[in-house]
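Heads up: the structure comes next, in structure tokens.
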Amino acid sequence: MAKFNRILITGAAGALGTVLRENAQHLADTLRLTDIADMGEAKANEEIVQADLGDFNTVLEMTKNVDAVIHLGGMALENTFETILNANIRGFYNLYEACRQNGVKRIVFGSSNHAIGFYEREAMIDSFVPHRPDSLYGVSKAFGEDLARYYWDKFGIETLSIRIGSCFPEPLDRRMLATWLSYRDFIQLCDRGLNTTRVGFTVVYGVSANRENFWNNQQAAFIGYQPQDSAEIYREKVEANSSQPNPNDTAVVYCGGSFPAAGHFEDK
Amino acid sequence: MAKFNRILITGAAGALGTVLRENAQHLADTLRLTDIADMGEAKANEEIVQADLGDFNTVLEMTKNVDAVIHLGGMALENTFETILNANIRGFYNLYEACRQNGVKRIVFGSSNHAIGFYEREAMIDSFVPHRPDSLYGVSKAFGEDLARYYWDKFGIETLSIRIGSCFPEPLDRRMLATWLSYRDFIQLCDRGLNTTRVGFTVVYGVSANRENFWNNQQAAFIGYQPQDSAEIYREKVEANSSQPNPNDTAVVYCGGSFPAAGHFEDK
Amino acid sequence: MAKFNRILITGAAGALGTVLRENAQHLADTLRLTDIADMGEAKANEEIVQADLGDFNTVLEMTKNVDAVIHLGGMALENTFETILNANIRGFYNLYEACRQNGVKRIVFGSSNHAIGFYEREAMIDSFVPHRPDSLYGVSKAFGEDLARYYWDKFGIETLSIRIGSCFPEPLDRRMLATWLSYRDFIQLCDRGLNTTRVGFTVVYGVSANRENFWNNQQAAFIGYQPQDSAEIYREKVEANSSQPNPNDTAVVYCGGSFPAAGHFEDK
Amino acid sequence: MAKFNRILITGAAGALGTVLRENAQHLADTLRLTDIADMGEAKANEEIVQADLGDFNTVLEMTKNVDAVIHLGGMALENTFETILNANIRGFYNLYEACRQNGVKRIVFGSSNHAIGFYEREAMIDSFVPHRPDSLYGVSKAFGEDLARYYWDKFGIETLSIRIGSCFPEPLDRRMLATWLSYRDFIQLCDRGLNTTRVGFTVVYGVSANRENFWNNQQAAFIGYQPQDSAEIYREKVEANSSQPNPNDTAVVYCGGSFPAAGHFEDK
Amino acid sequence: MAKFNRILITGAAGALGTVLRENAQHLADTLRLTDIADMGEAKANEEIVQADLGDFNTVLEMTKNVDAVIHLGGMALENTFETILNANIRGFYNLYEACRQNGVKRIVFGSSNHAIGFYEREAMIDSFVPHRPDSLYGVSKAFGEDLARYYWDKFGIETLSIRIGSCFPEPLDRRMLATWLSYRDFIQLCDRGLNTTRVGFTVVYGVSANRENFWNNQQAAFIGYQPQDSAEIYREKVEANSSQPNPNDTAVVYCGGSFPAAGHFEDK
Amino acid sequence: MAKFNRILITGAAGALGTVLRENAQHLADTLRLTDIADMGEAKANEEIVQADLGDFNTVLEMTKNVDAVIHLGGMALENTFETILNANIRGFYNLYEACRQNGVKRIVFGSSNHAIGFYEREAMIDSFVPHRPDSLYGVSKAFGEDLARYYWDKFGIETLSIRIGSCFPEPLDRRMLATWLSYRDFIQLCDRGLNTTRVGFTVVYGVSANRENFWNNQQAAFIGYQPQDSAEIYREKVEANSSQPNPNDTAVVYCGGSFPAAGHFEDK
């Protein structure tokens, strides 16, 4: 595998950022890590940049001398629109525009199944369906994909957009038996996003090789993602901890789980 | 896996009913078994109801206090229309209407590839193509799927319709190298039909993981069916017992095998 | 236009049968008319057969020396299953089987939009979607289409299945501004079903050239149906007589109008 | 046609807003007009609200006692991201959220072909393709469609999203011979968006019945849009004023015309 | 409409070539006409080149100083393979290669429905289906389309490939009621092929606005072809001269009419 | 597996012909081998015919008493058109016509990914897309598929067309990590092409079970091809020998690799 000189990881203090920090040293000689939160001390091959993605000049600075970006920053849950607007929409634009100005040509984007969360489970959607976000958070991910597509069509910046299902150490509920993405498979996706010869603008569903599966990953076959894990080994444990829900609960009908059924955040 | 209190199995004296009776005790505390034929004595966790599905009141009675149904009853081969009409069409309606009145919300339906038997092998059809039945029997299975769809859309009764290929202890001829469904995989399908959180109205082709395969089961990925068997281990034996047929024989051209080429039953 | 020697019209006492009786003399030298109800006296070029389609021998007799059939018979509204079963399901089989035995090779079938009434308006479905009936009546029309397909694939009997929208002298409510089929256009469809060189098994939506339209008739272009009327000239009148309904009323959401929302008939 | 009590028109001082103001009095008893720019004096049936859509409380106020909205406000051309962000993204959210809080259930959205401007002309795209914006402006329209879809799926607010081609008094260049939307047809689209019984979330391409056409409007057939004008009568004039461009010019290859080839706005 | 300086018309002595010669003077200042047969004397704005397209150097010469080509040359009926090979396959290559060397960038190709003649009428195919030729002649037209596609993808030479149905003064049999292309509409197609701003590689079915229609011309909407004629006015005459054929005759089943049923030419 | 009496292998002196000669004795009692080049001495079960496929009478002779053909002959690389014309186009016709005259009904055709080499990698094309050849060589393969389709539709000669990716002992560059076909998997494909009960006209992509994959082989599931090898074990070696190319290099963008970017052969 080709090794990059330096890659930037945004959202490095978050759960998935931490996973990469601990397990993805092989991806580059130097990991430049950024987050609005404290990330502790830099290890040998790390550079630490505590910053707000909402500030363009800071982002312009942090994308200098970078070969590629894994973008996990921003709000990872539903919030008020103004919060989402700054962290995810403005932050996303800042990152892509800064990459354009600095000549960075490859980005792995941690998108979300919530960009299409209002499709029914049995629809078995692929990567080409129109967005149906299930939250303002999901809308911001849809925005990110649309903007990334624009930067590819217009400026030739490649993006692998990973619509992450549920990335946790293990599946926590019955839905995650279908939507779970193991850390190991998440790392593989980041690796493929960086190292596949050509990515263009490609959307892949970030799920492990689970027995149940809501999404058709056919489009992504060319990037060579072959998940190694399955939620199935956790089935007994998960089913023991919960009763079977009503199949017509909103949280069951739609791919997005609890999001389509959740309360709405109003700005104060 | 969640265990049901009581499930009803129709056609319990038939070949597949017997398979379930012997191997599916884990699916429920009590198996209520029904058939028009004699089923012998009830075992510890069994209830026996010998009855004709063509009689509504009997069906209404037998669906009381039932959590789910596996419907295998009716004629399993071509016959005269009046025979099919009573056993499969009226019987099918009786079952669904009785379930509606008794509040049973989940049914596994033993449909058949003969509901689409007039498609060519190389068409590689999926679960969304219009019916092309190859027999009056196949027409009755198409009717069953249409009625089940209606009961889902209108009354919220879920159905997993399994278009069974060829369910036998082992494949008996060259076509079955593609259409074979092992007993173990059949049981898994019944299990998934009962225990998947949400089924809605879903059509799955009931075939094992055979090397040759006529059908695209993509739609059913969300129910988590992962066949464990393959007809391939029987290939040598099957091929030794038969010569290669003409590729343009009607029985070879179409998915339905001998059915599209078979004689027509006339009512006397 | 080629003129037939004798065609059989079933349901000849009904509204559409009467339309044909009065306006379709040009289709054949002799119109053989049948209905379970009284049809009055035969005119010069007519033959009258009062009969129940549920009786096979009678149907066998009435299809002798017939060149083609326009099948409008059976229940035209929701009813109990047993009523539907006899009139529409058994009656439909009787007709096709009698045609097979008597060598009749072309049938125009008055199917219904209620065979697909549970699709949403905005789905813009074509002729190839799976059935989604909205009533037992709709299930019987779906059965008819499946059986007709079988008689085409197996016995070479051609059917034009017309999924009639709303065939009345004029549109009666707002939905009919989209679903209306004028008598003139209905007659044209019967004409095309009889006189197109090859029909095979083809499904066409029976609607005029209305401004609003729920269905994609692309598949039927080869039969040469070009509607002459539009519901638009009745818009002002229709809208004056009714207020705009709620867009989320069941009767508005689905193609089938009042059917998906209607009460369920139980057999006594 | 049902007449609304009061509709709100945003962007009322712009070109299309002015068209509606002058020609759409029949749509409602009262037109409430809003723009950030001066709109002159209110006529008899008008209410004037000069305001910035970027301010939520103002938008909340102006959507009170309104039956429906025609949303034309925001930047109508490419600009810097911060300008787009405030006018189109924040403004769009403010409008939908205010409608939700005030119970307004129907919106006609002036979207743009620039939301899909990076598709090639010969792709003949329909309404279901993923967004491929050709500008930050186009990204903001894609955002609007995604957010509108969310407000439909979650809150039942209906939107007709009109992807306007080129809405001018007459076509100004050769591309507009295909993309032109006459004022009369634009008004019809607004009318259909308001008065069609059910719209759900529907995307329609806003073009007249031009001889050349880049887009497939099949999905919108159910809303009953029947364009009355064609750019063809201006062909001679348009062609006389320009020479044939190179077919491989970026401005010719893509649906978006000059946008995909235009310079990029950087924030200062 | 832009006028070309000089266009080359191959097959100029044939029926369609003669139509253009007589009616297409407006397309260019000079028509250079070529055929292997005698074309009589050149008119004022004509240049005559009697030649065999099978000879490359001759073709190279005749494509000099040409702005565009309308290619109608070659065998127009079934023949032996060697005849087809020289006239249609080698001749086609010679033309495209000569255009490449001389910088000619736009070609209108008289292809044929026989390139897809083995599809059934009711398949309602569009421009994207794989070829299914019904003759060696049809295979050569499929070859032409494949080669033209290659010259577009690799060298940027644009082609409008017109799959001509039946281009005669009037329809001669019942099939032509669906497949007829009037001379006027043929000329319009040539005009659009030359004058549409961008054609890329596009396949259009060459049929008039006939009532019956076997083919879906949706892809070609962007070139602005709007047929002015219909075979319908000849229906009475055509039907009077022939009886209705059997719908299962090979010549009726398939789009290609008599070709799929015709005898096979063997080289001597 | 059924064993043939005699099969003909064309191109037997080439790389793939040699692979079959050494490893495919189990396919038939007698292998008749033909090539224009010297093939050495015949082994026990071999017949050697050194000949030019461009000569019909020779091909007619060599296809006598043959049960099936594996056609690998012709130019295997880009060349001048006249060379391609004789070897691949005339030769291909000669073979099919000779098979027709001698009653040979099953052919395995070594087609090539270069018949569709101008599709982008991320298009994930299936077997039904129109040809987009990337070379004259690719055009000749497209011609072969079109002609084979004709011989199936018209004369009932079955063909499995294998669009071979890169068939070498091991993958030689980064693209071949996706396109590699092992010799073992190539032999399996030939076996399936000969021994599947019915092939009709079927296109399969000839690739091993590589991690990266450009093509969707769904249509071919019914023939039972299950690749046993993967290029993945060679990844480290391949990547060590080359640097990552630019994702926008023509040789990377398109499926055909170096072919779309290669120079053009002109006839002298």
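Order of writing sets the labels: A, B, C, D, E and F. Residues in every chain begin at 1.
The rule we apply is simple: contacts are C-beta pairs under 8 Å (C-beta built on N, C-alpha and C of every residue); 3 or more make two chains touch, one makes a residue touch a chain.
Chain labels with UniProt names: A, B, C, D, E, F = Uronate dehydrogenase.
The structure displayed is predicted, hence computed values, not measured ones.
Student: Compute the shortest path length in steps from chain B (Uronate dehydrogenase) to chain F (Uronate dehydrogenase) over the network of touching chains.
Tutor: Minimum step count, chain B (Uronate dehydrogenase) to chain F (Uronate dehydrogenase): 1.
Student: Mind listing the chains that sit against chain A (Uronate dehydrogenase) and also against chain F (Uronate dehydrogenase)?
Tutor: Correct list: B.
Student: How many degrees of rotation map chain B (Uronate dehydrogenase) onto its copy chain E (Uronate dehydrogenase) on CA atoms, rounded to the nearest 5?
Tutor: The best-fit rotation has an angle of 180 degrees.
Student: Over half of the contact pairs shared by residue number: find the pair among A-D, B-C or A-F that meets that against B-F.
Tutor: It is A-F that reproduces the contact pattern of B-F.
Student: Weigh A-D against A-B on C-beta contact pairs and write down the one with more.
Tutor: A-D
Student: I'd like to verify one number: the distance from the centre of chain E (Uronate dehydrogenase) to the centre of chain F (Uronate dehydrogenase), where each centre is the average of its C-alpha atoms, in whole angstrom.
Tutor: Measuring from centre to centre gives 32 Å for this pair.
Student: Centre to centre, by mean C-alpha position, how many angstrom separate chain B (Uronate dehydrogenase) and chain D (Uronate dehydrogenase)?
Tutor: Result: the chain centres lie 51 Å from each other.
Student: Chain D (Uronate dehydrogenase) to chain E (Uronate dehydrogenase): how many Å between their CA centres?
Tutor: 41
Student: Counting only residues that touch at least 2 other chains, which ones in chain D (Uronate dehydrogenase) make the list?
Tutor: none
Student: Testing understanding: with touching defined as stated, what is the shape of the graph linking the protein chains, line, ring, star, complete or other?
Tutor: Drawn as a graph, the chains match no named shape, so other.
Student: Of all possible chain pairs, which ones touch?
Tutor: A-B, A-D, A-F, B-C, B-F, C-D, C-E, D-E, E-F
Student: Along chain C (Uronate dehydrogenase), where are the residues that touch chain D (Uronate dehydrogenase) in the complex?
Tutor: The touching residues are 120-122, 124, 174-175, 177-178, 210-214, 216, 235, 239, 243-245, 247-248, 252-253.
Student: Under the stated contact criterion, what part of chain D (Uronate dehydrogenase) meets chain C (Uronate dehydrogenase) in this complex?
Tutor: 1-2, 105, 156, 158, 195-200, 202, 218-219, 221-224, 226
Student: Looking at the complex, which residues from chain A (Uronate dehydrogenase) come into contact with chain D (Uronate dehydrogenase)?
Tutor: 56, 81, 85, 89-90, 93, 97, 100, 118, 128-136, 138-139, 142-143, 146-147, 149-150, 153-154, 260, 264, 266-267
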